[in-house]
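Each of the two complexes below includes chain A, the first together with chain B, the second together with chain C.
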Partner chain A sequence: MIPVLILSATILAAAAGAVWLARPVHAALLLALTLALNAVLYLVLGAHFVGLVQFMVYVGAVAVLIVFSLMITRTTDEVAEVAGRRGRFLLGLICALPVMAVLSAMRMGAGPVSIGPSPSGPSLKETGQTLFTSHAPAVLAVAVLLTAVMIGAALLAREDKPEPGKPE
Partner chain B sequence: MKGMALIEGPWWSLELLPRLPQRMVEGILSLLGLPDGLVHFTGLLVAAGTVTGVFLGLFALLSLIERKVLARIQNRIGPNRAGWFGILQPVADGIKMLTKEDIVPAKAEWFLHLLAPVMIVLPSILALSVIPIGREWTPVSLELGLLLFFAVGALTELSVFIAGWASGSKFPMLGALRAIAQMVSYELPLILSALGVVMVTGSLSLPDIVRHQGDWHLGFIPAWNLFTPWGLVGGIVFFIAAIAEANRCPFDLPEGESEIVAGHMTEYSGFKYALFFIGEYLGLFAISSLGVTLFLGGWQAPLPWLGFIPSWCWFFGKLALVIFLFLWIRGTYPRVRIDQLMRFAWFCLIPIALLTLPAAALWHYTGRGWLGWLVSLPLFFVPWLILTMVFNKRLAGTRRTYRFAES
Partner chain C sequence: MNPLDMLLTLSALLFTLGLIAVLTRRNAILVLIGIELMLNAANLNFIAFWRYGPPDTAGPMFVVFSIAIAAAEAAVGLAIILMAFRHTRSTDLDKLNSLHG
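Up next is the complex of A and B:
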């Protein structure tokens, strides 16, 4: 119980930092920290598979993608300008409130749950079987989506052929 | 005396030697009557210390052996002044690194600049903790060990980015850019080639994967994954991708001295630089250990009648062999260009790594015998032929142009 509470507080602090810090690289690194701590939270709660996959996908892929795009672009000035704009706090609140309302409504509907590591989580085999039988359509939909993204990325990244007669 | 149940086997057993420190501490603490939880926790700390200590010792040894082997390949003598055969060279290097001035550039962010070298050592040690070193010794035996190995690898990429960005300089940034692009690209063939092993074993637990390779064909050929059609191809792909993941020559572009000084490590000096060095070598140990575990049978003996030698000796022997291959390749091949590196990953390694998956399935459904070899041969040979033909056609007759260097 106590580790979970400490972790949750740290996650919230890191997330707040990710939103508030003006420099994009700091925000991105704190976002990575938030995602990594989330993975640790899953591990502490006994959901080992979800925790490791969260780490692999969100820290290994999403955060790296974000910092990589920060490296090859130069966004510092624009972002600082946006961050200095007045009324952004209000705007953020307006955007965040509906999400929070939906999440709270879901939480209210779920009934009371006890916080703490579950005695025995589902084994890897059970997780896999559930994923590829009852949730197979969702998995397939994600696969199709990712394939489309891959093809799109390959098309975008394709080198333009030099026009005939023109020097490169 | 309830804690004494933690100890099994005689203390002089060679098989249990790597666990001796942990068992000694646990035994002493339980004799003192401490609670079981505390005893277990302290034992785990000692085990972690043992793994770290052993591999740091191996790192010191390797830093000397590497220089000796490279010198031999290049017809030199190599370090021979510090101690007999230069055996004290690692100590001298360590003292030099510790006493050097620690420089933080004026434009660097000091906290992130400090964080990066600390962070880069972590994933390798974490990854080494799930490797089954001996029959009786896996530091942390997890059901999802392989997943953990690849998950913590993400930290390396982030710390390389932090190092490159926090230095506040051009060369580290370019080096980090290269390093991350390379790591992301070569992680794919690495994971894909490991997937075949997971499919056939039906487990992500590394001790299970090793136990699964414990059989013998015809009574003397070990049933290692390397000696299967998909395992042979997957093992080669894994090895090549591992060279790139460990930033070793010929894929050491992120730190190519002649191009971008030392990449993301350019602005580091003293012990922070040494930490990068240690992190790199521990990463090399980690990825080689995983290769040994997945394809070379881990701690299994290579011949049935050699089982009397402690299993961890076999593990370290195979590890030494793989690391020697790394050194040999470093001494032999020149560095590739960045576009060659990327093209090689995406057009060659990834398709072949993908092919190991159907090959593993075919091998499984044809009874895991010679029929699988027969079916797998065309499966690998035809795409390889097509890839070669396409590459030869594309490369033939094109003049190499330097787009950004000229004009």
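Up next is the complex of A and C:
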């Protein structure tokens, strides 16, 4: 309970930093920290497989991808992000608070829950077996999706070179 | 406060933070960071309900697929941002206000 509490507080602080900090690289690094702490939280809660997947995919791939994109799209107009930031942040907060209220109200409306004793999650082996037996079609579908995404992203991000022999 | 409520509150707060980032940031990549935060909040809910709900393995499975799709979304999103950057030399969303290629 106490570790979860401390982790939650750290996650919130890191996420707040990712939202608030003006420099894009700082925000991206704090996002990576938030995602890593989330993975630790999953591990603490007993979802070992999900924790490891979170580490590999989110921290290892998505966060690094975001940092690289920031490096590629680096411009000098960071001033634009800072100008009028407080007012914008306040407006965003005002717009986001109703959503927060609705999310909390849904929880309140559900009434008390009985907390079942589920001390530890399934082992990695069991999870893997479930994934590749009863969920095999879904895994294949995700494989097709990821292939399509890879091709699509490469096509989108490709540099448009002028055709040889053709003037610009 | 029981642990389930605590995790759900954490998830709601994370979602709100992500929403604020989406609403207030001007850099398209930072908006994507907000979207990632919101996706993470949803995943956290799955794990929380799995951990403190009736015994079932559906929660973690759902999160695994959700993470795969989130990775796909991030890849395509960043590719689109790079494409837009090549056209306008900027990732400022206020400047990307035309569909003209």
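The rule is short, and it goes like this: the second predicted complex is superposed on the first by the 109 of 168 C-alpha atoms of A that agree within 3 Å, B and C clash if a C-alpha of one lies under 4 Å from a C-alpha of the other, contacts with A are read in each partner's own complex, and residues count from 1 in each chain.
Operating definition for what follows: a residue touches a chain if its C-beta (ideal position, glycine included) is under 8 Å from a C-beta of that chain, and two chains touch if they have at least 3 such contacts.
Just so it is clear, the structure is predicted and the values come from calculations on it, not from any experiment.
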Chain B versus chain C as contact partner of A:P3, first or second or both or neither = neither
Key: chain B versus chain C as contact partner of A:V64, first or second or both or neither   = first
Message = A:L103 in the overlay: touching chain B, chain C, both, or neither? Say first, second, both or neither.
response = second
Remark   = Of chain B and chain C, the partner touching more residues of chain A is C
Ask   = Looking at the overlay, what does A:I72 touch: chain B (first), chain C (second), both, or neither?
value = both
Query = A:Y42 contacts which: chain B (first), chain C (second), both, neither?
reply = second
Task = Once the structures are superposed on A, label A:S123 by its partner contacts, choosing first (chain B), second (chain C), both or neither.
result = first
Message = For A:V25 in the superposed arrangement: first (chain B), second (chain C), both or neither?
response = first
Request  = Identify the partner contact of A:F55: answer first if only chain B is touched, second if only chain C is, both if each is, neither if none is.
outcome  = first
Key: Those residues of chain A which chain B touches in one complex and chain C touches in the other   = 49, 53, 61, 72
Key: Residue ranges of chain A touching chain C (in the complex, touch as defined)   = 1, 4-5, 8, 11-12, 15-16, 18-19, 24, 27-28, 31, 34-35, 38, 41-42, 45-47, 49-50, 53-54, 57-58, 61-62, 65-66, 69-70, 72-73, 75, 77, 80-81, 85, 88-89, 91-93, 95-97, 99-100, 103-104, 107, 113, 115-116, 118, 121-122, 126-127, 130-131, 135, 138, 142, 145-146, 149-150, 152-154, 156-157, 159
Inquiry  = Touching residues of chain A toward chain B in the complex: what are they?
reply    = 25, 29, 32, 39, 48-49, 52-53, 55-56, 59-61, 63-64, 67-68, 71-72, 123-124, 168
Remark   = Per the touch rule, the chain B residues reaching chain A in their complex are 112, 142-144, 147-148, 150-155, 157-158, 161-162, 164-165, 173, 176-177, 180-181, 184, 187, 204, 401, 403
Query = Along chain C, where are the residues that touch chain A in the complex?
reply = 2-21, 23-27, 29-30, 32-34, 36-37, 40, 43-44, 47-48, 50-55, 57, 59-61, 63-65, 67-72, 74-76, 78-83, 85-86, 89-92, 94
